[in-house]
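Input: structures, listed below.
Heads up, the next two complexes both have chain A, just with different partners, chain B and then chain C.
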Partner chain A sequence: MGFFFKKGNKQPKLKEQYSEETDTAPAKSKDEKESSYYNSETNLHFSIRYISTIVDQDIIQKNILPYLLDKQFASIADVKKILPIEDVQIETNEALIEEKLFNGYLVLKVHTDKQHVAFIAAKEVIVRSLSMPEVETSVIGPKEAFIEAIDQNINLLRIRLPVKELMIEEFTIGSVSKTRTALMYIDDIANMENVNTMRQRLQAIDFDQINDSSYIEQLTADNKNSPFPQFLDTERPDRAAGVLVEGKVVVLVDGSPHALIGPTNLVEFFSSPEDYLFNWITASILRLIRLFAVVFSILITPMYVAVLTYHYELIPKDLTATLITSRQVIPFPPILEALILELTIELLREAGARLPTKIGQTIGIVGGIVIGTASVEAGLTSNVLLILVALAALASFITPVYKMGNAIRFLRFPFLLFAQLLGLLGIVFCLLIVITHLLRLTSLGRPYLEPIYPPRWRDLKDSFIRLSFDKQIRRPSYVQAQKEIRFNPKHQKRRHDIEE
Partner chain B sequence: MQPIKVQRKIEPFIVFFVIASTQLGVGMLGFQRIVAASAGYDAWISVVIAGIATNTVMFLIYKMLKEEADLVSIHQQVFGKWLGGMFNLLFVVYFGYALLTVARSYIEVVQVWMFPDLNVFWFTLFFFILVFYVVNSGFRVISGLSFFSIVLPLYLILVFLFILPYTDFRNFLPIYDHSIKEILQATKDLTVITLGYETILVFYPFIKNGQKSEKWAHFGLLFTTFIYLYITFLTFAYFSEEQLKETIWPTLSMLKIVQFPFIERFEYISIVNWYIIIIPNVCIYLWCASRLLKRTVNIQQRKSVVGLLFILLFLIPQLETRYQVDVLNDYIQKIGFAVNYLYIPLLFVLLLIVKKVKNKR
Partner chain C sequence: MKKYILLFLCLILSGCVNKSIIDEVDIERGVGYDEASDNKIRGTILLSKYNEDGTTENVTMTVVDETSVNILSRLQRQSDSTIVYGSLKLVIFSEAIAKKDLIEISDAFVRDARLGSRMYFVISEGSAQKVLKGEYGDHGNATFISDALDHNIKHGDVPKTNLHLFVYDYTQKGRTAYLPIIKKLNQQRIDISAIGLLDRQGHLVDKVSVKDMFYLKLLVDKYSGGSQVVKLDGDRATIRSIHSKNKIKISKRNPLEMSINIKVEGIIQEYRGKKLTQKKIEQFEKKFAEEINQNTTKLIKRFQQLGIDPAGLGHNAKQQTRNFDFKKWDDEYKDLTVHVKTDVTILESGVVQ
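For the complex of A and B:
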């Protein structure tokens, strides 16, 4: 690579520029306020400084100024005593001023004491109220979702796991955005190796801005060139709490309503939080249907192309007749026909996702019904393929995790291409490439395809199927939790013999 | 030799899948005709004998591996550095040749059954891209793929049952119609389908608690013996002896009778399945060859993999006719027999002697 790009020259320059700018005092922003006061009782002059847009004026007017002006405020040490605010820090370090200022603190200086500075918390936290989950909706079960404020999110998790072992480590990531990022785990359950790996990766991040947890996900992924997400993301506190108890690690990012979960595996992306709310038989069947749908949605159009291009003798003659009649007037080869329809569906999806909900529905109707029927009637696509593509699209929506759904969505295109090149062999070729890729993948260093490979029969109880809770004695083995046993099975009721 | 990291190693029970997948391959599509030629319909006895023979050799291999880490160090112990190195290189050639046979035989099947005007060069190129991607990912991924190559096509066992209505098990009677010599000859002819398990001599250091994997290796061999026996029984009951003589790929011909409401020519599906079955086969041979090269002449494994693939990519399109492929298979059978049943026992005896002599000193 060094041949094409000369590395190492540019970066230091950038840093220099940046540090120069911060060294010289920048022009004051309009919302930076500074004012001086005089306490007549103790004869003390003092000044306060704050950023008006991020502090709560109410706190200043009601809880800070009246006390500073009327009470016995003789020296800076008194601040802690007289103010009804808990977070008051007295520091000597001038360098902290800027950081605290922009984090919503009030900076208080006393004219007689140049050495000490007091920081008084007065941050105004604008929080939207809790809402229903929008991506991971469920019919039954908890209806709360994470919001953008990290403290609120941690609160949601704390309420669900009121134990002292729930540990929170906080990092500030992003050289400009200074995003608060919390690493959460349960101390005596989670494997410390996972925690350490995640901590190291978080600390190693060097990026200017972290807008969402997806940034963290991409920056800390094991394999950055994989279409598959290597962390599970969820907006549901119940799911996050659930995986914490399984011994996994959760990362919350300020400003993001999605938590990251690691380590994870492929099968977990096809499990929905609702699976734990139904009884195990229903849940297992639903999971199997979902996995079938995924395979179906990837393979059905490539199969159509392969069969109609190369192996029409593969299908019985009655079925061939149906296919041939539907394709009779189509001027395109199957691959072109399939590509046109697949692209149309992708366009509709993308348009539907970008447009406001109300127009989105119209687009769905226009696209689905008008374009679909019209293109069949115009003789551009066969109605069999239209059915297959629509079914495949429907099946790909079934994935409970949106990011995985997207990965699967585009997996279809290489399959299509190779189906055209080599027929069924091309499809298997692609399949083997995908399997190899999945075998190579890891999530926080744990194999991604587990429990399929390496095969762990024990973990199958909560993967393709979900067995009843009294069978879930152990935590998933790929997490390698410190405490493997979830509960003592001895306390369970013994099974009685047949009633006589 | 550098110690191998634990994360790179495989669990002992995975050896079951690796051993089984190295044995199952293209040979399975057409071995019935060859064995029936010498032992007639008593050849199923040969399959059992072959199973016993492979298990015996595996036993010897594990005895050797208890003493030494892998083939290279065994060779070094027995023959010294230079001669041992020579033998390592011979094994590289052997593995390369086996790879060539497997790949070319499979491509022949594809040519005959699916794409008569297949461009062999381009097909091989795509095939090798996949192989490179797998081998490049290391032994753990190869073993994972061999796991899939056993599990995914396992449903074929049930599909074979569809031919039961068309079978006649009286074909087997009278049992023991052939002399022991003929049956042993058939066993020798069977070598080509039992080959592959000797690769454990090379990948053994990549197994966690190597000696614990012994029973799994034996299970793997038993599993393949069972599969072969199963297919032999069905084939012999399905074809008459005369008909079988004319059939090059009885397994595929047999599957032609299978029909589903939505699939008519099931052999297409099975050929596609065989793609999954032979991939780990090819990958393990290639990996072993490159690993031996690395251990002997210290070439980076990635480079030797690319080099070997290029040589094979050049060789495969040169072999065009059925006759050439047959000769290819004939030779691998002879060489394989020599390596597995003559050379490995000999090596075992030599190692035993060398160890005894060294201990006395």
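For the complex of A and C:
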């Protein structure tokens, strides 16, 4: 190694050149503006510096310059008095200039006073309007979703929880992106251990860029090598507000329309915000259907492969004829047949997700009808398997949380492989691995498989099923909320149906 | 590291697992055994071939060899694809085999974990090969015969039987086994013609005809839906939906006496005669009970003479006696007094306007 460096010696040279350049003439971005003015009344020369692309020109023209030029502006201390802007800071620290400049402040310097600088807030926030939730759509219930601006998102939550206990801690994360990240919790409900863990993990992040809350999710996950998401993410303020009241912690990231929720458990990923809007019987049945669909989606193709390859005895005698005749012309073993179809479905999903909506629909039709029918007619796949794979794909779409849906989507491939290698034994083997992994997994240090393990009967009331609200007396036990009781059923007023 | 080695071993060892891809094997559905010369047996296997139009073709292959295992391996050599026997549903023994080697042949079926214990053992009147060579139903012969047995066990007079129960009855001291007997009527039809009774060595010694099958089932099994005709002074009633239970007890010791309490419930479905009054119904109940008592007692006498015990009297006596001595029981059994007491209840007699 040393040999090369001696000969070429290029790297140090490059560094020198770079540092020389920056030292002598600091590069200036094109949108960095500086201009000088003169207040004739007080005979004061002053200059302002700002970044034109993040500053609201309207504010400068209407709310700053007229006042500075016409009012009694004698010293830098006067700025606070004469400007109709609240956020005006007068500092002596020169080092702050750059930070403030790039956060949308105007930097005001007075020529007679070299020591002080004034920072005047003039940030232009471009906010898109609130829109409908696109990932977690619901038929009934609130139709607003988070947007990219963090202040707006906090506002949405504040409106839903107008209590002084709703705490917000702010962090700036990312050495380059300087992303504002807010940690939210309800002070007297949330367990401080959860809050502290989350705060520590947020502070420990050392990364250059945070583009979305998913970055935070991956950087703070308990097990970074797990396919399962360990924080629930939601774009619905109602869901975020709901879990805050349960005693959980919510993380909002500037620039991301998704909030992170922790601690969470596996079953929570299969609950939809709509579950709380239906009556408890409907909601419970829907949840059970969803959980069944997930198991079905993971296991059905591997089962098909295992049974057709090894366990012909398990096929009911009335089904044998159907299965055999559907496979008679197919030249591939069941595993190849299954892999071809599964990959086709994955391709279709990927293509559908990447393409613009209008073309995406066409892809759905092309995939569903053309490829499906054609492959059966060409004798590449059996129609029984086609139905199973389509059903499995359909069932995997049922997961309300997109990230969990993706985890499940790819979980079936190792199952398929093991089904081919060892039959049903292989599927059991694979299940054992997955279950062991889930048992070890935690979310913010709380068990992921709760209430199955550790068994918490009390928490079953809002997991596989959802009991009625008057049964939800306690908050989920794995959150370990400070205030465990949600309400006291004895204090409830008796219902009077008829005034007597 | 160990984990990865284990995983790797899983991958390479899996090559040793036998694959049997469903459309690349011949699935053996039924097998029949007949007598052949030189102490050999003639084995006939029934394969189901599924055609693309949805029909099932019966293919039989026959070979003569010494054991059932040899027969299969010889047939493998004659077949273009592996014959797998895991979903075997039916084993037919000809009467001649049933009188001689049934237990020896069935041993292979009992030992093999691949086989389900709910498959049927049956005895055929005449050659088993002939029965298998028929063309019954649309879904294959084995399915046809096993379905026929299924529904006759559920709703008819055939007492419950399968491999598991057969082995249990045969090996349990104080019990002997029984198997249904089928007969080929013509190329398209079969009939369950009798129940064959086996002695303690597993040899066919007696047959219970269709007429007495009802009473046999009352003794050895429980009813969940049968029908029987009862005649009383020229009137005739068909009793349907018969449910029955029996209880075998030692009623007296020294000398041993046993009692069988049979409880029968049913509905009168059809009645020919004068008006059916409550009194008449009670008379019918009594008559039916009497008939059952007579016929079952007759059957038990027959069992005692032959030294067989399909009802499991000995087994029941053992359960109710401390230090039960089977040697003593064998002597006592022939002259044992058995009381049959039947309690018939007619639940309803239909709606008459």
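FYI, the second predicted complex is superposed on the first by the 466 of 500 C-alpha atoms of A that agree within 3 Å, B and C clash if a C-alpha of one lies under 4 Å from a C-alpha of the other, contacts with A are read in each partner's own complex, and residues count from 1 in each chain.
Rule of thumb we're sticking to: a contact is a pair of C-beta atoms (placed from the backbone, for glycine too) under 8 Å apart; a residue touches a chain by one contact, two chains touch by 3 or more.
All of these numbers come straight from a predicted model, not from anything done at the bench.
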| item | value |
| --- | --- |
| Chain A as common anchor, with chain B and chain C clashing or fitting | clash |
| Partner chain(s) touched by A:H258 [first = chain B, second = chain C, both, neither] | neither |
| Touched partner set for A:I324, first chain B, second chain C, both or neither | second |
| Partner chain in contact with A:R349 - chain B first, chain C second, else both or neither | neither |
| First, second, both or neither for A:R446, with chain B first and chain C second | neither |
| Which of chain B and chain C A:L422 touches, first, second, both or neither | both |
| First (chain B), second (chain C), both or neither touched by A:E313 | both |
| Touching partner for A:R201 - first (chain B), second (chain C), both, neither | neither |
| Partner chain in contact with A:P334 - chain B first, chain C second, else both or neither | second |
| Residues of chain A at both interfaces, chain B in one complex, chain C in the other | 310, 313, 315, 317, 421-423, 429 |
| Chain B to chain A touching residues, read off their complex | 7, 10-11, 14, 110, 114-115, 123, 126-127, 130, 133-134, 137, 140-141, 144-145, 147-148, 259, 261-265, 268-269, 271-272, 275-276, 279 |
| Residues on chain A engaged by chain B in the complex (per definition of touch) | 310-311, 313-317, 319, 421-425, 427-429, 431-433, 435-436, 439-440, 445, 449, 453-455 |
| Residue ranges of chain C touching chain A (in the complex, touch as defined) | 10-11, 14, 17-23, 25, 27, 48, 50-52, 54, 56, 84, 86-87, 89, 114, 116, 139, 143 |
| Interface residues, chain A side, partner chain C - complex | 307-310, 312-313, 315, 317-318, 320-321, 323-325, 327-330, 333-334, 418, 421-423, 426, 429 |
